[in-house]
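Dropping a structure here in structure tokens format, bear with me for questions.
Per-chain residue numbering starts at 1, and chain names A, B, C, D, E and F are given in the order in which the chains are listed.
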């Protein structure tokens, strides 16, 4: 019913390439800033990705939820950590978050079953 | 220019009491659910409070920012952890978050200078 | 700590007058459309004002919450009806709505104690 | 062009089951609280569902709009009541709500033509 | 992967017709107000459409983004003007806007390649 | 009733200084990106500031509205241009924007009466 993980990743990469090659360099600076925000620092990469997931869920952005879930799985966050972050998001954002929780559960199952999460 | 931390805490407690004593018990259930979401689990209390801070900043709610900053300081999150969580929030939420970043910096200084953060 | 009801009403009226007398007539059309939306129809005025309250709470706008609470009390909505509409708003919008629930409780007490709610 | 009502209902139920059987019981508590909010009380079930529709439209969530429209039709709200609630939502939320108004009109026609709306 | 421009335009027009012929005349007034807002005045039509694009991007509404991009191209806004308006939107709205930036880039390429953009 | 323009500007500058001197350099990069977005390019500075105003109004951020109004006046946007941009914002964002329209009218009068708008 929804797009497969591989397809979602491909569309994301193709469009990012289009943006980053547009010749308008301010976009590239924003993307670099975005990438930097999730590098290891005082907070671990795993917890930063979980924070990215919380931000994405309360703002109700499925593409962002997919991306951070994908990163969480790649970085080795446990299922329990992910469910707890989802629950914080649900409580903060309310029932309007539930459709995105459904999407997240649907995606998470697929991601956890992939041979490799890269 | 803004209210002092002690005053903000008192208004919050007074009004919460009014809500929890309203006789409408569904509010009490929601508040209990809210409290539970931040208990220690697979994710530490500190990281959960930082996640609460991220959710509050991207949704641009100063009262919520105050509360989670206050909890972060009480639970011993470092200044660097808090700044990194603020930065994730800024990047996710954009320049519209900046007025709340100002508020957060203003509050954080006061909280870190209190004899005790409880 | 917050502004009194009479002061809130006055500022609202003064500024509305400024907008409606600005010479830019499209504002007047929007305001007329807004007023019409809450006239009695298939849905009663009371339930329309409660719907306005729900919309205001989930979008987290204190001035709008004040206005619709004021109208609800004037139109004779009961305290129970108002609390139920608040609870629907809390569940839909999540904990981020709680600061606005505090505001609403604070305002409601004042409105219900006024000699007349007009 | 959009998914059929039966398909939308099935995906919703399948994913809800996944969430409610995840072993993370806080989700079940939130869902129960959500269900309770729409039970008959001082406000009728019909008006509560219309309030759910308003909340869903101003927050611009199509899955939530579908669900509350479906419930409104099942509970016997009239077409006029539904259109008035939609109009309140449009005025509160502005032109950004229009794409969701299109979706709602599209869905409503299908729901009203179903042999039974259950 | 996404719907073609012609299909998006057709669905929009079909549903608008349904809304405007619903017999509920308040919708027609809102649509007229909406149309008026983008007429030439002190601000040119082109810059008004770019403002509509900014409003649509920061509020993260793809259908609205499509509509205003389509109008921008029809009215002869240059690619550079459109990219600058997109960048303002990205900075105001943050990384949560990025999925909509991808959509906008995808759509823009199709619109610019059409024999005529009307 | 609200803070004076001079006071609002001072708080903004004081807190920005605190943020930019925090030692966390990613904030400085974001602020630079934000400043760049409003430089003259294919779109004039005036129209970019009006776009910033639209973004601020539909996202309902008074501090941001103040800032962009202040910049609009400084850059010489006419009252009519500002009112038209406000009207686009009202139509896009709906009645929930009205409290911010009140604020904007209140501020605009003060800004236009200042000996110099710098």
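Basically, a contact is a pair of C-beta atoms (placed from the backbone, for glycine too) under 8 Å apart; a residue touches a chain by one contact, two chains touch by 3 or more.
Just so we're clear, the structure is a prediction, and the values are computed from it rather than from any experiment.
Visitor: So if I look at the partners of subunit A and the partners of subunit C, which chains show up in both lists?
Guide: Touches both subunit A and subunit C: B, D, E, F.
Visitor: Using the touch rule from the top, work out which pair, D-F or D-E, shares more C-beta pairs.
Guide: D-E
Visitor: Superimpose the Cα trace of subunit B on the Cα trace of subunit C, which carries the same sequence, then give the rotation angle to the nearest 5°.
Guide: 120
Visitor: Please state whether the interface between subunit B and subunit E is built from the same residues or different ones, using more than half shared residue numbers as the mark of same.
Guide: Same residues, largely: of all residue numbers at this interface, over half are found in both copies.
Visitor: Averaging only over C-alpha atoms, locate the centres of subunit C and subunit F and give their separation in whole Å.
Guide: Roughly 27 Å, centre to centre.
Visitor: Take the average of all CA coordinates in subunit C, do the same for subunit D, and state the distance between these two points in whole angstrom.
Guide: Between these chains, centre-to-centre, one finds 23 Å.
Visitor: I'd like the Å distance between the centres of subunit C and subunit E, where a centre is the mean of that chain's Cα atoms.
Guide: The answer is 31 Å.
Visitor: For subunit D, give me the residues that contact two or more of the other chains.
Guide: Touching at least two other chains: 26, 30, 33-34, 37, 55-56, 58-59, 80, 83-84, 87, 90-93, 95-96.
Visitor: Going by the contact rule at the top, pick out the subunit D residues touching subunit C in the complex.
Guide: Within the complex, subunit D contacts subunit C at residues 33-34, 37-38, 41-43, 47-48, 50-52, 54-56, 58-59, 78, 80-81, 83-85, 87-89, 91-93.
Visitor: Mind listing the subunit D positions that touch subunit F in their complex?
Guide: Checking each residue of subunit D against subunit F gives 58, 90-97.
Visitor: Where on subunit E does subunit D make contact in their complex?
Guide: 3, 7, 11-12, 15-16, 18-19, 22, 24, 26-27, 30, 34, 55-56, 59, 61, 63-64
Visitor: Can you tell me which positions in subunit C touch subunit B when the two form their complex?
Guide: Checking each residue of subunit C against subunit B gives 1, 60, 80, 83-84, 87, 90-91, 95-96, 98-99, 101-103, 105-106, 109.
Visitor: Across the complex, what residues on subunit F touch subunit A?
Guide: Touch residues, subunit F against subunit A: 26, 29-30, 33, 36-37.
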